[in-house]
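One chain, chain A, appears in both complexes that follow, with chain B as partner in the first and chain C in the second.
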Partner chain A sequence: MTISAEREREVAYPDPTPPSVGWFQGLPARPGWLSQHLGTAIIGAVLGYLLGHWLGNVVASGYTNVANSGVNAIANTGGIALGALGWLAGIGAINYPLAKIIGKEPAPEFETTSWSRYFRYTADHKVVGMQYVIGVLTFLFTAGLLAMAIRTELLSPSSHVFGPGTYISIVSEHGTMMMMMATSVVVGPLGNWLIPLMIGARRTAFPRVEAFSFWIFSAGYLTILTALPYGGFPTGWTGYAPLQTQAGGGMISYLAGFALIGLGMMAAGFNLGVTIINYRAPGMTWSRVPIFVWAILSTCALLTLATPTLVAAGLFGILDHTAQTAFFVTEHGGSSYLWQNLFWFFGHPEVYIMALPGFGIVAEILPVFTRKPLFAYKVAAAGMLGVALLSFFVWQHHLFQSGINPDMRPLFMLTTELISIPTGFIFLVGMGTLYKAKIRFEVPMLFALAVFFNFLIGGVTGVFLSDVPVNVTVHGSFFVLSHFHYTIMGGLIFAFFGGLYFWLPKMTGKTMNKKLGQIHFWFMFIFFNFTFFPMFLIGLLGQPRRVFEYAQNLQTLNDISSISAFILGASFLVFIANFVWSIFIKPTPSPANPWDSLGLEWQTANPVPYYNFERIPVVLNDPYHYSEHDAAAVADMGDPVLVGAVAPTGDGGGDTTGDDPVTPAE
Partner chain B sequence: MSDVAEQTDAPADGPRHAHREPRHFVRMVVIWLVACAIAMPLFYFLVGPHVPPGVMTSTAEENQFDFNILMVLAIPVLFGVWIYIGYSLITWRGSKAADPVGGELARGHMGVQTGWIGITTVFVLGLAIFGTYALITTNGAGGGEGPNPVWTPTSAHVLPVQVIGQQWKFTYRYPTFGGFESSDLVLPVDTTIAFHVTSLDVIHSFWAYQLSIKADANPQVDNVAFTTTNHTGSVTVRCSELCGLWHGAMFDYGRVVSKNQFEAWATATRIATAANTKLLPPFALTYTPDANGAAGGYYPDNVDPYSPSEVYGAKQPAS
Partner chain C sequence: MTDITSARPVTDFSDTPEEREFELRAAVGSYWTGGRLFIGMFTFLLASEAFAYFYLRSSNNGQLWRPGNVTAPTGIGWAIYSVVLASAVIAIFGQTRLRKGYVLDWEVAGWTAVLGGLLAIGLQIWQLTELPFFPGSSGYASCFIGWAVMNIVMILGGTYWMETAVARSLRMRSITTGDGPDQLVVARSLRMQSITTGDGPDQLVVARSLRMRSITTGDGPDQLSSTPSGQIFRANVSACTYFWGFMAVGSTLFWVMFYLI
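On to the complex of A and B.
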């Protein structure tokens, strides 16, 4: 898929075939292992960590509070900060800005087509997307193992597998890791991989920012793991102060880890948001972009606008631990409410950061497997933006019983219930699309349908929680826990796996095994519900969250939940087996468009060429014309001169890249 | 409920079939109506009376009623979606041979969309009004109302009970009985109670399950919650906000007894604990621990470290 030399001269477009080896042009090529990759990143992280820790000890080990408590938060912070910096430097993330700062022309990134590119800092959004796939799955399965530990402890109301401190650390680590993972679980892998292809672009707006987002995301993963050797942290994923202020060294890993993940979220959201707004192919008008793009765009708005609050709150917490400030210490003029407000001001938009991409995937899968246009496309897009906007006005519903702003409770009850209107549009879209459809029960479709089942329960119980009188009974109990697992796991994670089964054939060029996919689905779906539905009852019957002891009469329900959780956990082994078998051990090449999708991302070759499209496509239609036998083509992928003649004019098509060879016909 | 009913006029501009299509929506609506007609009363009359938190107090009764109403309203919504989707999956399965083109052409339908938005909006606004009404008429529904409650009981006799959370125990002070402090929560029946919930260290949450009281215990904050006891019985108290190591073990039991029994218990306990009460800090709505024990609930000897929080920046003892 090489652009002809003639054309290349004409448009001065960079060579779409990257150099296979070589540092940059003009220098003799050197072997790949001498350049920067995961190995140098690990070396950088270890050296940085040791240096930072040593510096922290030099600076602060003499302080009374450090000597008395045995916890040197400054050393922890220094270790994590320099460790993360070393990780980024080792992978090559700061070469470019560093060169710019000292006034030199930066060397181009090392690009290669060999498998080693997956272990490098790369400007190719497809490689970053695949890195994210492995990254979020590692995150998910690590935190999933911790969930298994939680359910093991809760098998019995009174005899214990773990001590209370270990148990709280496991709960906190599980919650925090899952939340961190869920912020990026769709935007990272599928967003980065698919968005440029869906909008007809050859790359994202800021490829280095995109790669940065992944590598700092993985730094966040390593950072939150460092909490374990520090003795864990006792606060759960919400990190409420003053418990946070009271906690030991592991708390720094939580605060710094969230801050790092937050930086990654902002970077990812900023890059994809700008890409969607500015890099759409000619003719890719706002009414033609796939609904997944709308979902990611609204998510990007939340990622960039809500996350800074989290990063700031994390830094305040670190300052409370290191510089002895008192942001969250009531006795010294701070406020424990400040953390709650900052955290949930981020935390509630975060909930929709985790819901909207799932809606996008489901709405993208449904038309393909119903062979119907997406019903109420515009309502769906408006609903996603509406959810994004409203999500900034609901955060205090997490604090109904906290004593903060009691007179505001009716308002937050109202806004919370209002947000169920645009959220409910996904059901309008889904049910309308199913109407008189020709449904194919492929694996991605099964997952999409499961999202409707699970998310309905999650959504309806959310309305229960928003009602203050009912909230008095269920707040802080297993009812809440079940509710948000139904929305995040039942919604987002099911949608994510649906998306993986749907798009992996395109992303990897290999076919996933259908039988194993079905087994994975049915076990996951059935035992997800058997795990979490009893928790509604457990909560209603009075079991608070995060306890290691509970009433004797709740054992049966807890045991049903635990045993189902083990089977649910095992269902992911089926996925891993399928993934490893179908992609690595016995790969079967996938057709370029196995599901007969009309989406632009399916119209390129398999495997997708380095620059995605040989020609920038000119988009002629939205990708949902499944009902029409003689539907017009979605896009003209061919010669741009011919395309220009028939391209729609003056309808607000997106700009293309600055160095784009194709000028929209206007 | 809205989900199905409004779709009766859904798009049908597909190709006309030779044979007459069954009237799918009529079928769905009939199934839905029958299912709802069975499930709604079944839930309300059979399950409803047993729904937590019971009827021991005014707030428990109201919150149980609220839950039941929401559940009765949720049933048609759940059934509407399930029946619609279930019916669709059975009726509109594609043929085994993949047909890449087909399905009803329906990109949108103004009536369906407007109807959907209209009905869900009215539904949701109704819920918000209902919830607000229930919140106000029950003086905060048993939830923590902060130091300055907006909705207060009109009853002339309100028994104040202070709940002090600390790692990992709740204790109770009775200011109208000389401010004695007890590990036992004992309350008189047929009495309006004002719980003043505060903490000495981290955030706890006072959850008196059968009383339907839940209020966060924040250091330096007097979080007030009201209820009126209607029946005697036993009460389970649990901490419902993660407060550290022994959070899972932070529970105790209280009881609601007759007024005479309460009077007798309070008088006896007051006398029995008189020596201890002298050593306690004077009753205050909140307590400031010593500066060294900030967030630690540390009580030093020979100093009176306590000051009411309303005097912000109160003098801290030398440490």
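On to the complex of A and C.
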């Protein structure tokens, strides 16, 4: 037998008789309930929490100041830390890191189509992506329920459902959970699932780091949930000192939860960034990279470089509570402003961590439903990089009202206004693509168009807010609240749902019900605006954020907002119903390429094989040449029959049957 | 709308020599990029600590930045810094030897760096028990505690990275110099993992290479340097060494901040 012939035989997949690799690498990775999965993770988390809490009590038992305070932050921290470790150990995340110490290789993982793979630690980026879908939706709906509670309280200016302490705890929990969720809402589900497919890769660069990012993200979710039984925290999502240093046990959950989520963000950004740089298929030059990939790459830069500051700030906060340091205690040589600086050095790039992926989704959807090339592709990519870069230079505008040197205000006002320029680039790219287009109003396109409407309002009010005089006037009011809900929910969450409706047929192989999707969209769009637009007025009329009472004359506007919020919340039930109905109860197989997209992710088999592509594709063109009859094929997929089988270009672009494959350009 | 539900059936996985070459370059590049990005992440982490240091120093709230010019135990601080610096130099020296093909030299240097790292961590923990100030007594004290925690995490990370690299090197040596069915099982394990876990087709080639070698020639570890796995291994060592260099630079800066100025 020749070597080459043997090689072909050797690499045939799968091998039916995998070898044993020893006890040290943990339980077998085979499917089955005796191996590691979500159940063992829960057991590990509970045991870890109990052990950590007990250890914390033992360590702190000799200190009278702890005994007298009524809050043992050391026990809380120990419980959360070992709980998170137990969670990771239970799911199998530390098997390989431990085995590596003695030089062992990772335990083999077996491809399975069983649904149980979604409850395991896996190296398959598509499974991790779907885990993230469920994870972020759980996050979103939990925080959404808290939003309903807030709006219930604000139905009346003086009759209360909650006390002031409970109210601020709910507000804080809602804001923190939403922000945590929003940092990963696109990068996690769609980034992990789609990026390797979009760049023609068979894998991500560090698949175990990718899996780690999800499971630490979910540990962060559980951690922030523990804030409520610990009594909540009064700081809102920003965690400002000195309230932070005076707060009770819930504050530890906030600090540790944010730090855990931060680790997950860094891991996700690290893996996807390295993957994009190194695993692009041959021919996938930077000028051919899909615009969504540019958005994720820009986001990855922010995730990996800005988030460590959040982790450091969280560490300092935890040290203040446990080791009794005084980072944020002004009376002991620290400074409460230090927290604000560290937090917002992360926090403002975070705004773009949330915005950029949304822009990427929309820019990906528009050409498909307008059957036009993406207008000014390079300007869009440059805009995303420009936003990412400038976002590091604007954080002090959050401190305009907090004691910043007045001489510094114009500088940060300028940098903040400057960032609207690359943002405007991206907006204009969308407008240029829509110009004179014959739009197909499918559900994803409806969401994409809504993003432009909503983000226009959010963006313009953001320019106002960057100006010091306006900022001083409306600081801490519902105006600010409405502004960032328009940008984050109106931009990112609408884009996320647009992306879900667009890519779920590929991800699940099932078709979402169009009628239910339209109902979801219209209810969400209309009542999102009815919920948040009145808040601009409420804010201008003087109602502050995070206060559970307000002036009588504002009740009508608040009631409009509250009732709309309830209907907005109900619109998500329509999505859940659609998802459950279309995917599980009455699944309808999806066409391989339901939207006739030219994107590389649509060109591989459906369902997508474990290794994505039978042959690594050779990319020949960017995926936006819709309606151009003489355009070269997007990729050579390596199969003679399918060499030119790029997606047909629908009503504007030639062949629609696939019988006449386009020959790739030489 | 394309009226099909599956473009083509899921087929067995295999790859061509060109695809292996592509995957190998991607894997090597990933270590290069990942190593630098990892340093970037730590840079921002340490920059946060440095920002806290200078912010509180310049604020000097209540004249409590550093009352009485109190300093953390200088002798232990010197010792930690010296050990980290020496370990980093040894790691860098080891890598230069590895590039020239002296695997054993690198392994010795690697183990030395690992021991140095562990010693530095031990010293850092000991120093925390010997502090002449209460953690919350001043801005300096707080920053020092923060730095000590970060330093432990950083050194622990670098030490773990180096240890796993050396351990892998030793294990590969034992695989390739030994004979008998055990080696075949491990080689086969490598092959399986590369196929199933996405750990890289590069491993595929080395697994086969190792297996063929153990069956036929019994060549030694020197041959490894030319294999794809050897290239990835060197990329990993290079990134790890780079990180050790970064640790040395970071330690120097913070040593100056906490003990000199």
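Assume the second predicted complex is superposed on the first by the 598 of 666 C-alpha atoms of A that agree within 3 Å, B and C clash if a C-alpha of one lies under 4 Å from a C-alpha of the other, contacts with A are read in each partner's own complex, and residues count from 1 in each chain.
As a working rule, a contact is a pair of C-beta atoms (placed from the backbone, for glycine too) under 8 Å apart; a residue touches a chain by one contact, two chains touch by 3 or more.
All of these numbers come straight from a predicted model, not from anything done at the bench.
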item: Which of chain B and chain C A:Leu260 touches, first, second, both or neither; value: neither
item: First, second, both or neither for A:His332, with chain B first and chain C second; value: both
item: Which superposed partner A:Tyr279 touches (first chain B, second chain C, both, neither); value: second
item: Which of chain B and chain C A:Asp596 touches, first, second, both or neither; value: both
item: Contacts of A:Pro106 with chain B and chain C, given as first, second, both or neither; value: second
item: Contacts of A:Phe206 with chain B and chain C, given as first, second, both or neither; value: second
item: Touched partner set for A:Leu456, first chain B, second chain C, both or neither; value: first
item: Which of chain B and chain C A:Pro609 touches, first, second, both or neither; value: second
item: Touching partner for A:Leu146 - first (chain B), second (chain C), both, neither; value: neither
item: Contacts on chain A seen with chain B and repeated with chain C across the two complexes; value: 329-333, 337, 596
item: Contact footprint of chain B on chain A as seen in their complex; value: 164-165, 167-168, 234-236, 238, 240, 242-243, 245-246, 329-333, 336-337, 370-379, 399-407, 409-410, 413-414, 417-418, 420-421, 424-425, 427-428, 430-432, 434-441, 449, 452-453, 456-457, 460, 463-464, 466-473, 475-477, 540-542, 544-551, 596, 624, 626-629, 631
item: Contact set on chain A toward chain C in their complex; value: 7-8, 10-15, 18-21, 97, 100-111, 123-124, 201-207, 266, 270, 273-275, 277-279, 282, 304-309, 311-313, 315-316, 319-320, 323-327, 329-335, 337-338, 341-342, 345, 509, 589-596, 603-607, 609-611, 614-616, 639, 642, 645, 647-648, 650, 656, 658
item: Contacting residues of chain B [partner chain A, same complex]; value: 3, 7, 10-11, 14, 24, 51-53, 59, 62-63, 66-67, 70, 74, 77-78, 81-82, 84-85, 88-89, 92-95, 98-109, 112-113, 116-117, 120-121, 124-125, 127-128, 130-132, 134-136, 138, 140-150, 197, 201-203, 205, 207, 209, 212-216, 218-221, 223-224, 236, 238-249, 288-289, 291, 294-296, 313, 316
item: In the complex with chain A, residue positions of chain C that touch it; value: 1-16, 19, 22-23, 25-27, 29-30, 33-34, 37-38, 40-42, 44-45, 47-49, 51-52, 55-56, 59-62, 64-65, 134-143, 145-146, 149-150, 160, 163-164, 167-172, 185-186, 188-193, 195-201, 203-204, 208
